[in-house]
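Each chain carries a letter (A, B, C and D) given by its place in the written order, and its residues are counted from 1.
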Amino acid sequence: MPIRYEPDPEADPAGLTYTFGGVEPVASLAPGSALSTWTFDCFGGRVRSASDVVSEVCDPAYLNPQTGPFFIEGAEPGDTLAVHFVSIEPREAWGVSANVPFFGSLTATPTTAMLHPALPERTWYYELDLEDRLVRYEAVDSTFALDLPLDPMHGTVGVAPPLGEARSSLTPGSWGGNMDTPEMRAGVTCYLGVNVEGAMFSLGDGHARQGEGETCGVAVETAMDTVVIVDLVKGVPTVWPRIESDTHIVSTGSTKPLEDAFRIAHTEMVRWLAQLLRISEMDSYQLVSQIALSPVANVCDTVYTMVCKVPKSMLGDVGAYSGKHAELARLR
Amino acid sequence: MPIRYEPDPEADPAGLTYTFGGVEPVASLAPGSALSTWTFDCFGGRVRSASDVVSEVCDPAYLNPQTGPFFIEGAEPGDTLAVHFVSIEPREAWGVSANVPFFGSLTATPTTAMLHPALPERTWYYELDLEDRLVRYEAVDSTFALDLPLDPMHGTVGVAPPLGEARSSLTPGSWGGNMDTPEMRAGVTCYLGVNVEGAMFSLGDGHARQGEGETCGVAVETAMDTVVIVDLVKGVPTVWPRIESDTHIVSTGSTKPLEDAFRIAHTEMVRWLAQLLRISEMDSYQLVSQIALSPVANVCDTVYTMVCKVPKSMLGDVGAYSGKHAELARLR
Amino acid sequence: MPIRYEPDPEADPAGLTYTFGGVEPVASLAPGSALSTWTFDCFGGRVRSASDVVSEVCDPAYLNPQTGPFFIEGAEPGDTLAVHFVSIEPREAWGVSANVPFFGSLTATPTTAMLHPALPERTWYYELDLEDRLVRYEAVDSTFALDLPLDPMHGTVGVAPPLGEARSSLTPGSWGGNMDTPEMRAGVTCYLGVNVEGAMFSLGDGHARQGEGETCGVAVETAMDTVVIVDLVKGVPTVWPRIESDTHIVSTGSTKPLEDAFRIAHTEMVRWLAQLLRISEMDSYQLVSQIALSPVANVCDTVYTMVCKVPKSMLGDVGAYSGKHAELARLR
Amino acid sequence: MPIRYEPDPEADPAGLTYTFGGVEPVASLAPGSALSTWTFDCFGGRVRSASDVVSEVCDPAYLNPQTGPFFIEGAEPGDTLAVHFVSIEPREAWGVSANVPFFGSLTATPTTAMLHPALPERTWYYELDLEDRLVRYEAVDSTFALDLPLDPMHGTVGVAPPLGEARSSLTPGSWGGNMDTPEMRAGVTCYLGVNVEGAMFSLGDGHARQGEGETCGVAVETAMDTVVIVDLVKGVPTVWPRIESDTHIVSTGSTKPLEDAFRIAHTEMVRWLAQLLRISEMDSYQLVSQIALSPVANVCDTVYTMVCKVPKSMLGDVGAYSGKHAELARLR
């Protein structure tokens, strides 16, 4: 039986969690626990139709509320937190996306600062067909529509950062956070390095689906019902977040420029494969060069995220983190 | 019957083609012609075993020789050249890769200049099993080995650039060139904007396979036997190279930093889908945000290449370039 | 009479201030107060000779301690804090610099991740001649030596960031922080936007001098005796830190890649001059294009800082922030 | 007596030189020759008043015409060409600047591709007072005006590139080209590595003055009367362009992102000082970190240029290139 944690759907926005670090835990979990909870959408539920305009209905201080943080008993700096996603399901049969002024990859932003006026602000409303697993795209300037596959995921998953920092849930980094990768689906295990006692795990920012890069900065945003199993790999550090599915191992890196995010993710994979396959770093560099899949995660957040994926089928029998993913997957 | 063009395998390296632009055509082709030819590997055949060291056996002035250029009759600036790849097959049952000093994505380079000494120089020899479609990876520092899927492609495909430039075959750009994307497989059509009379099409740099990003800068390099059909889309310009397969449409962008290559590829896709689906640019931006696949092509060449892929199955019936891909695919 | 705040020179490193935000104030100051205090060097005084190696004597959790934060009475979000530097003087007649593994602009780092081993770790000891205003550079691998001009400054000056964040003192941003610009000399006024009640002003990281860019990441680091006057410009926001001297107005921007830091600093200057000179934004863009001085501040910290300087002599009579700099300069 | 080379002021635009490389020499010069010539402005003289709009009066294929190339007798790959600027004087008492659609540092461009419409196109006309050495800025949207110091320079100076390339005069690189640094004034010597027999030296793009960064992409553009002395340093290669004045030595680097241009310029300076001062590379890295001046040259061209400047007064007696600058300066 999973432990249930129920956020208050009527909570004052000011009372929710918007940072990784700097926040008191909402609950404590023993390693191995299953947690059943839900997350607000990134707008805190304030954008509910195509006529709700983000810059009017949302307070920029209260974007992307997280559920958590959860104190993981026994987690210490130098350990790895393993978060296995048992299920991720939209709470309602709709989602929203938007074009927000000066936010996104194909617009001037506060850091790619230019003299252009903002692109037009718009909101798109998506119907979700949870039975047939479809997301209904409807153009706003014409009657064009398309059915897209439902592919639920969490954009934001992380722990408290090191160095006493508290980081906005809008930002990704070595602690996880707002990585916005579609790889964070049900069925995967996310590995996060523990920086503070108790790890302080939070999650949020559910997407009914998103393209790689999250080009305009906003996916199909939805509140999510989610079940995870949280566990610890004691004494094994993890520098940048990693993900393992039944079919792939995935490393990540988050920074700017995007080639540096690529460099982080791919040095991480070079070192990971060298260790898993017991080959030299140069041999692993060569192997990664021939087998890596390198999709972008986001090019819209305050820093960008790249992933490096390798199909386990190409590697033979590898047991990352002593087989933790297979162990947790058996429990789901 | 394809027209046969046979490069001279014994040619003096100084006599081969190393630039897009600035070179006289080797032959002239009518639109709609099938061309059967072959390409040298990127080392001009000089690296043939794990004991051949690139910096010793290769002259840096003679890297990545191209087959061509071919003058396409009737091609004028403002047209699009369509190159359909009928087949791409390794000429021999081996390939090579290497770690070349100050070249690759995880090392200091002449432009990401640092004070580090070079990483160790190494050559990897790959046996190719052309029947079972396998590429045999063998570590050099241990006895570890793996079989990887054969997936032949051309790293370098392009035309003469605009503005009277002649550009090294080591560089990608709006004219194509050294994009190093694994999307350039048999079965796809590559669309290239024509900048000079006759287009001046060349190709080379065959890879038995490569990872996305071509992390160390060198794929499994092989000489290739290749058949293409070249055709023209008159009066339709193409700003950055595009690719169409039976399943996807693909836009590209090549520059640094990598987020700018992403921006090029994704603005191109936004504009392409707006035109194909007759939707507004903002509606297309939203759609791309939810459906784009955004794999890296290369992060190792003088500038980097990103692609943006969209599954045609999500779009309904779209006929890019008036259905040119389907038309050429029927001929193969 | 300045108010004196005396940090405890024997304080446990764990008890010092290492973040902007997330820390209780050490004292409260009324606007218009002069504050006399001192700051630790960036190593907390642990590197005292050429034989002290940073990675051995320093704990990475306790780098760049700040003096503060000071609660400024009446400061509210939307105000600007004006910090006038009356004097900045080295506390002792020596400073140190170092080459720290994987830190600096000409080396692989944790974010520009590569496979190179670290560059050699070294420490340089500098004698300071406070009378003749000289800094003595002595090579460590030979007997070469040079006298350089003393030019004391603070690398780190800032306030608490917005969005509930707490940011490491190793990082610069819109709140100021570790900008590492040699423009932060005695005689200038630094303008910082207030994000939280009380502003929470801190400073540290004294440099006897530094080159632009702080190429290796470490200047001539010294503890500093410093006197500032702190004041408020009520109701006037400041988005990115600005500096005014008797001769120049200076805007800043901190992010990566470096061209984005340039873009921030220069859009800020375009808007500042448009306002000061009552000209249109396009006219200001043109003017900035012909008169800006654009030195780098740092290319070594977690994000990079650019400044944009304009000589006041070119502009005629401009009174930024209602003449606050001149007003504070008269008090010194 | 300088040799006079007179471009044809009535030449058809198509007959001028727009690339470095790929062009036949216009004249041959012996090393040590003084050359007196003049250069067109970057618009080929087609923008002559505030009502001339660049996108209407200029053909994008014919921007930034160069005077040259000059074949330097005896110049071979591996040598350095030394170009001493004896004088650079505007040919007429006016200059022009402009805001050109999708060109500049604070706008979307073809490579920093975004969905914004272009910023407003504008032309600014500048009166030059060649006697009082002033440049008259006049706003176009109001009556505001300012006198700025005249500071004539060449934006574009270079030789033919390596690898058989021909590069547009709009682009900077290791061959020089469109570096757009205000350091290229009368009185300096520019050192350029020779890549092809005869070096093939050209110059153009005179500016009556420019800000660092050339923010909007267009300086105060003027035709120039220029006298240079060209000389060779035989057997001494130069990887990236360098400049020496009576007071400073300057290294450059041109690429994107801007931090990589910084890295090039500063590794070049580290190696240059190590050689000039006979100190180790680590000692030189430390010294550069404390004394470099690091102004931006351009953040608007197809790639960006950084310079690294060191005051000769700090170094003692150094004779770069065997004292070539002092030797040529004595001849002026």
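The rule is short, and it goes like this: a contact is a pair of C-beta atoms (placed from the backbone, for glycine too) under 8 Å apart; a residue touches a chain by one contact, two chains touch by 3 or more.
The model shown is predicted, which means the values in this text are computed figures rather than measured ones.
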### Query
So which one's got more C-beta contacts, A-D or A-B?
A-B
#### Entry: Centroid-based (C-alpha) most distant chain relative to subunit B
C
#### Entry: Centroid distance [mean C-alpha coordinates] between subunit C and subunit A, Å
34
### Query
Between subunit A and subunit D, what is the gap in Å from one C-alpha centre to the other?
47
### Task
State, to the nearest whole Å, the distance from the C-alpha centre of subunit A to the C-alpha centre of subunit B.
33
### Query
subunit B: which residues touch two or more other chains?
106, 112-115, 119, 256-257, 263, 267, 270, 285
## Note on the structure
Seen from subunit C, its contact residues with subunit D in the complex are 97, 99, 104-106, 119-120, 122, 124, 135, 137, 139-142, 144, 146, 148-149, 209-220, 256-259, 262-263, 266-267, 270, 277-280, 282-283, 285-296, 299, 304, 306, 308, 314-316
### Query
Can you name the residues of subunit D that touch subunit A in the complex?
106-108, 112-117, 119, 257
### Query
How about subunit A: which of its residues touch subunit C in the complex?
18-19, 21-22, 61, 110-115, 162-168, 170, 253, 255-257, 260, 263-264, 266-268, 270, 281, 285, 303
